[in-house]
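The structure under discussion is supplied below as structure tokens; questions concerning it will follow.
Each chain carries a letter (A, B, C and D) given by its place in the written order, and its residues are counted from 1.
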Amino acid sequence: MDFKFRYTGAVDRARNGFARQGMMETLKAQMEVLKPGFCEITARIRPEVSQQNGFAHAGLAFAIGDSAAGFAAQSLMTEGMDVLTTEMKIHLMAPAQGNSLVARGSVLKSGRTLTVAEAKVYAQSGDTEILVAVLLGTMMAVKDTGQ
Amino acid sequence: MDFKFRYTGAVDRARNGFARQGMMETLKAQMEVLKPGFCEITARIRPEVSQQNGFAHAGLAFAIGDSAAGFAAQSLMTEGMDVLTTEMKIHLMAPAQGNSLVARGSVLKSGRTLTVAEAKVYAQSGDTEILVAVLLGTMMAVKDTGQ
Amino acid sequence: MDFKFRYTGAVDRARNGFARQGMMETLKAQMEVLKPGFCEITARIRPEVSQQNGFAHAGLAFAIGDSAAGFAAQSLMTEGMDVLTTEMKIHLMAPAQGNSLVARGSVLKSGRTLTVAEAKVYAQSGDTEILVAVLLGTMMAVKDTGQ
Amino acid sequence: MDFKFRYTGAVDRARNGFARQGMMETLKAQMEVLKPGFCEITARIRPEVSQQNGFAHAGLAFAIGDSAAGFAAQSLMTEGMDVLTTEMKIHLMAPAQGNSLVARGSVLKSGRTLTVAEAKVYAQSGDTEILVAVLLGTMMAVKDTGQ
């Protein structure tokens, strides 16, 4: 698919939105890439985000996968629009072990009200990437309330 | 449904598993109730777990909803078994605003390998509870590796 | 939850919509009940709707479960509105064997644009009902095009 | 991904399984392709499988998408193994109008017990294909009971 930004401030809007999410700070997540219909977010695997076996908690893969899909969706929306996840499914396919997780979100179908987006989450160790989770869900465009 | 623990140490197993999850500590989540096929987990809504509008991040509702469903599922498993989420869907139905979130997980179908479980997540403010999210997913029983 | 019809013709609208679905005729499905926020649809388990082991095909449970959820959602919409499923998840929990399947759809959250609805599908044999599938998904209100 | 059949009779097993599904005959569906980790199934859009607006019913996209994902999953299983869908999500992204639907199922992750598979469903009119649905779900390997 061949998407374009519909608003020149789309990257700034995403950066600002990301910075306002306390959860992303708590998870030490960073937005690495924002392109039309695509977003990449990373987070280190630390004890603070572990589950009972020392791997990253499903909540970490979900949080950055959902955010990557959401910012990918918002990147195609017009000025003044914010994005809400209405529903999201995640498959956890392998233990999330390694140095960090990287989530790559992309848009499958961009509509006026609803967007279908997916994200793939990989565990990185050195040069190796293993697919640990896949997300698929629905985003809704809503008027940005500024706060 | 009328479920029973199959292992006298089921409550201790859940408490220990919960305590080993660094993510639950990071989110300041607490396991309030564990009964056969049921688990309740709460977390305060704090700036550290917010999204861009100041509501609780979808990742918080997911993390405690998924954990509540998971411990509900594990509560019906025999000794030595741990639980993994293989997939989970979440619907976000209302803004997660208020003092705290409470997730109530329960088992719909308990199989030898797979369990289907759901969770409902409510935002609490004073005496009021509003349903903000519903989760439905699959849990798999795996041998507990002790660490 | 305590729902009410918002349109006096809601039952007729549903009966007409159901009658226009060639698929429901092909599956010999029948709408048994329509109440505010609730719909029940049944279908006999016949060789024509079987999978490879002689049980009802997942496609049958999906088709009547999705329709039951959809008509439950539409029952709460104002005059002139039709309903579309935007996404739906189904869990298949037991073999669909017996005389017939009954799907009971109900609304969890009714919004202006989006409705979250679920359906439970039971296999009936004589007086016995076994839960064979659970569905959870999103419905969207759209202007009825009359055809 | 680079998958291989683990059983020389994999194609015959799939053809036989497909032929035993009464539902596929009822929907006039045909298995066009079976390769390791991939399956393609088509069905004509006929009045007998329509919804209320004359488009193909969501149940048709689900039935052939689920079957395509399922046979893709089974293609990587050893001799004597059959496949069951444990859960499946479908997104309906555009009206299913045209001459026929084609579902292409592929395996994302093949495990000993569980397989994660997806399917994309396109509406075909002449030389044009439009993506109308995406499915993502879980398949379980079970001993084939021969009937």
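Throughout what follows, a contact is a pair of C-beta atoms (placed from the backbone, for glycine too) under 8 Å apart; a residue touches a chain by one contact, two chains touch by 3 or more.
Everything quoted here is computed from the prediction, not taken from an experiment.
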Set of chains adjacent to chain C and to chain D: A, B
Result of counting contacting C-beta pairs for A-B and B-D, higher pair: A-B
Cα-centroid distance, chain B relative to chain C, in whole angstrom: 29
Inter-chain centre distance, chain B versus chain D - centres from mean C-alpha coordinates, in Å: 33
Euclidean distance of C-alpha centroids - chain A vs chain B, Å: 22
Touching two or more other chains - residue numbers and ranges from chain B: 86-87, 89, 91, 116, 138
Contact footprint of chain B on chain C as seen in their complex: 89, 91, 93-94, 108-109, 116, 131, 134, 136, 138
Sites on chain C touched by chain D in the complex: 17-18, 20-23, 25-27, 46-54, 57-60, 62-63, 66-67, 82, 84-92, 145, 147
List of chain A residues in touch with chain C within their complex: 86-87, 89, 113-114, 116, 138, 140
